[in-house]
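Note that chain A is present in both complexes that follow, paired respectively with chain B and with chain C.
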Partner chain A sequence: MSNTMLKAAAGFILLALLLAIPKQVESPYALHMMILLFLSISMGQSWNILGGFAGQYSVGHAAYFGVGAYATMMLMQARQVPPWIGAWAGMVLVVAVALAIGSICFRLRGPYFVLASIAVAEILRLSAINLTALTNGAEGILVTELPAFKLSERVLTDFSTKVPFYYIGLSLALLTIGVTYGVQHSKLGYFFQAIREDQDAAHSLGISISLYKNIALVISAVLTSLAGAYYGIYVGFVDPPTVLGLDLSVQIMLICIIGGMGTLWGPVLGALVLVPMSEALRSNLVTDLLVKVGLVNADSKVGVFLKENLAHAHVLLYGILVVLVILFMPDGLMGFVKKLARPRKQEVA
Partner chain B sequence: MAVFMQSLLSGILIGGVYALIGIGLTLIFGVMRVINFAHGDILMVGMYLTYIAFTWLGIDPFVSVLVTFPLMFLFGGFLQKVFINRVLKAVSQNQILLTIGLGLIMSNTVMLIFTSDYKLISTSYSSSTLKVGGGVSLSTPLLVSFLITATITAALYWFLLKTDTGQAIRATAQDREAATLMGINVKRMSIIAFGLGSALAGTAGALIAPTYYIFPQVGSVFTLKAFVITVLGGMGSVVGAMLGGILIGVTESLSAVYISSGWKDVVVFVLFLLVLLFKPSGLMGKSRT
Partner chain C sequence: MPILEINHVSKFFGGLAAVSDVSFSVEAGSIMGLIGPNGAGKTTLFNCITGYYPPSRGEVFFHGRRMNGLDPDKVCMLGMVRTWQKVRPLARLSVVDNVMVGALAHTSSLRTARALAMDQLRVVGLDHRADFTAGGLPIGERKKLEVARALATRPKLLLLDEVMGGLNPAESAEIIQLILDIKQQGLTQMVIEHDMKAIMRISDRIVVLSSGEKLMEGTPQEVVTNPDVITAYLGESHA
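After this line comes the complex of A and B, so read on.
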């Protein structure tokens, strides 16, 4: 009992801290990092519902991310529809896309589903490149100015700083965590997990496989499309390789897998590990550190090489992490942490 | 008519190389039941080996196959021994993730070494053509690579059918446990199969190097193509992969001419989804429940 109260108290303090950060921290870079973190949590958590709980490994989640991002951006550019309305259009569109994909791909199992999910995302990416009249093709869509967000004529924000994006991101991350919690603690979650563990057994118990797989997909796709819309308005630019590419699909999946699939906090942990690590590599922090410590001479060949190339290496790190996680901690970091925590708990008891 | 014949024939020629990629993937799947998502990246490594051999040592890309094939065999064997063998009993999704991770490591390591600039191998024959008659002409490098592909495929077929090792590999593919009981070292067969699959992918990389851009991310295109080819032909079927390769080559070539080059890959993927939906066992695959 006290344990849950402790958890609730810790949660409230954390939330208060997160809400207060933009008031105290002015560095745009720090806010940018937090925004990336929220975005990663949302993406990983959305994938978690379909991949982690229902056990359907989609390697084509960029499809939903991209449709959400494109719908919002296209409506904003062509029809001046504000993003908070455009995102709804994106969600409706994504539900249609998800149901179409689900009705095709869920007739397939395991590796065949993986392949089909990739194929669908690739078809969407290639279509976005080729339908130049609609999507502006490979050039992408650039929206530099967002309309001010008004509530009965009172301007709440005009999106001139990163602060509003911070709060949108925080709400989105909390929403995905909340939805996952809801799924995990409802009948729905048990059905999903039954399908994941043994599809045939679940079927013989009277669980409609295709219905629940499609429900998992739609929830996951809608949340992913919101993350896509959020990405679109934050960055202000979308193009086919960045929001519909295979790389993005893999990245979405990795956040969850590295953190721990089918757990509430796995994707959060995954994002907490991946975002700072790839940012540190991208902004050359690691090279600077190596130089400062004296391991590497900044002017030597190695130093120059690291400075020029390590920035591009964050994906290499993803690769190494995945291999390590699959070989040594198949339950992700979350499983690893739990394993570490278990013997200690026994000592206390 | 000349345009049709022209694109049909070039489709068949490029399809030969696709077949080689597909056979490699199908061999690996047949023996290990692992879908190798790093297949295109292995091909990319083969391309860079060819590039190194050409620019540093001046070895002709087609001759370099003699070096690329054994090197890529060793590389594949290493991957199998160190990584894939550990996850053979894991769920298929984890195997897929492991190969995705290995692919990311390969493409990004190559990017660190060679940067992501596009490289080109320009030989004296890169853009030369051979007139066949009736207004149809064929690209010489494609023709040569097709002949090499045919030779390798025939040799592989003979190896699988006639040699003891080949029969042991086929036995492992048919039934791993039964093969073990018959005294076949299935782990060794897996290493050989992955080595062969990688060697075939690497060779395909060497063969297309003179006619294709070389860059670290080139692999993902070919990984996807390899899936389409093998699923079309039937997972695990070598003859199916050959047919699938040529079929995809022809489909691409014809739809580039008659629809548009931008949409040709969409046509291929739609075809892929249709096969997955209506005949997931593929053209030559045995239907399994």
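After this line comes the complex of A and C, so read on.
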């Protein structure tokens, strides 16, 4: 069997497994983890198109996530617009926001672009806090009930379990992977990467820098806004710090950087590592594991100390792990895997 | 008929005139050499022609069309492409991908672009490096890659900025042959070069710049025998 056929077969089996999971697994916690995974893949993959391929390190992607989330939730709460229509409104709005941001930030290069992207996202966060009439300010927007999803009067789902969210998340993750594949295998991917590698050289080869940077931004922003809308309806609540905060922007970036920028599977790998890791640290699974394997006695001073404090330190540990990965795997996990698979890079001696 | 006309072009940086009132024209199908001591304004003139700097004064006409104010990508699409003195490979892309970026200026099909890119790599003799990472090439091959990538955009005028700089004599000889081959195919070229022997051999006409001003213009023979040129290069005592 050829390599491509093997890959296709593996992909098909994996997809069948993913489709079957909700039929077999009933634990809401397991489904919740899968949903978080899909969300992270979507966010990382969206950032990848602008940051990984076009080399424009936006640290303000929360802006697009937040606009998508807020637009969907606001329309649902104020006008009873169902989210599958509201998300489209979010996408249209986010294109406008992205082009406005692009026209300002793309005049700048390197670190100045990074700073500008942070600033713009902060402007949106502060606006969401202060425009109370529109956004309900710091209190956020709560939507407890989603309208049932009907197809010609037949109710397909009423969103009472996590299963529909699982399938929406899976579709979203597949969509972002598919879009990235499409970008990678077209003129766009080549132009984005040329801009990333050397903007002036790209310019001399007939590539309109501002046009292609804005195309990368719009694709990236639209996908991020979909992830935001998905987050909003899944959690049922949005407020400025969670969907527009700098934390979120950094988190989106990290999925891609740790997994491997500018690669198709990097963000998937990044999400596969970061989601369980952050969950394990948060719920103190590490202490439980240490106790279980007998390294630490649960009743000893150390055990008690870990039990009480490790969960609080999860952000710290997360940070340390991130630093280690960046130090020792500069091309992300994907680069590391590739190096293992093919130890000698093709280079002229 | 001139393909490129440069009319009284000046470029000021603050009070400094990097290029000062330079005029000349390049005949279609010819090779124009551009020489001058370091800091004479050769690369600045290239930047003014290809849209990286707008000229402070004067005009650039390409095929009779005024080029002032056009961005580099538009300049390229109109058929004028340059290489860089300090080579700028798209380092993490493969050699063939680098050239494909050039070819994609006039096709959207990756398959066509790849075929065109391989053709150009054969022209410059880099086809055996197609799948290597561009950033890992030695300098001689990087210079050839610059030329292949520029040729892939299908230019009518190719501007070469010191493609022989830093090369050994054998590599330089290859590049000279390449430039002459390209000329055979009817492509107009403008070449900045420090290697006098090389520039004498390939150029139909030569423009000499010194301190931003045009010192003289003529055939290679006229240039080497001109006392002003010798003074500019070697100082008063040698004239």
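To be clear about the criterion, the second predicted complex is superposed on the first by the 328 of 349 C-alpha atoms of A that agree within 3 Å, B and C clash if a C-alpha of one lies under 4 Å from a C-alpha of the other, contacts with A are read in each partner's own complex, and residues count from 1 in each chain.
In this section, a contact is a pair of C-beta atoms (placed from the backbone, for glycine too) under 8 Å apart; a residue touches a chain by one contact, two chains touch by 3 or more.
Predicted model, so just to flag it, every value in this text is computed and none were measured.
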Greater chain A contact set [chain C / chain B]: B
Touching partner for A:280 - first (chain B), second (chain C), both, neither: neither
Touching partner for A:206 - first (chain B), second (chain C), both, neither: second
Which superposed partner A:119 touches (first chain B, second chain C, both, neither): first
Partner chain(s) touched by A:18 [first = chain B, second = chain C, both, neither]: neither
Touching partner for A:323 - first (chain B), second (chain C), both, neither: first
First (chain B), second (chain C), both or neither touched by A:315: first
Partner chain(s) touched by A:264 [first = chain B, second = chain C, both, neither]: neither
Where chain A meets both chain C and chain B, residue numbers: none
Residue numbers on chain B that touch chain A, as the complex places them: 35, 83, 86-87, 90, 92-94, 96-98, 100-105, 107-109, 111-112, 115-116, 220, 224, 227-228, 231, 260, 262-263, 265-266, 269-270, 272-273, 276-277, 280
Chain B-touching residues of chain A, taken from the complex the two chains share: 55, 57, 59, 104, 107-108, 110-112, 114-116, 118-120, 122-123, 126-127, 129-130, 246, 250, 253, 257, 309, 312-313, 315-316, 318-323, 326-327, 330
Chain C residues touching chain A - in the complex, by the definition given at the top: 50, 52, 71-73, 76-77, 81-82, 84, 88-93, 97, 100-102, 104-106, 108, 110, 113, 129, 131-133, 136-138, 141, 149-150, 153
Residues of chain A defined as touching chain C within the complex: 185-187, 190-191, 193-194, 197-198, 200-209, 345-348
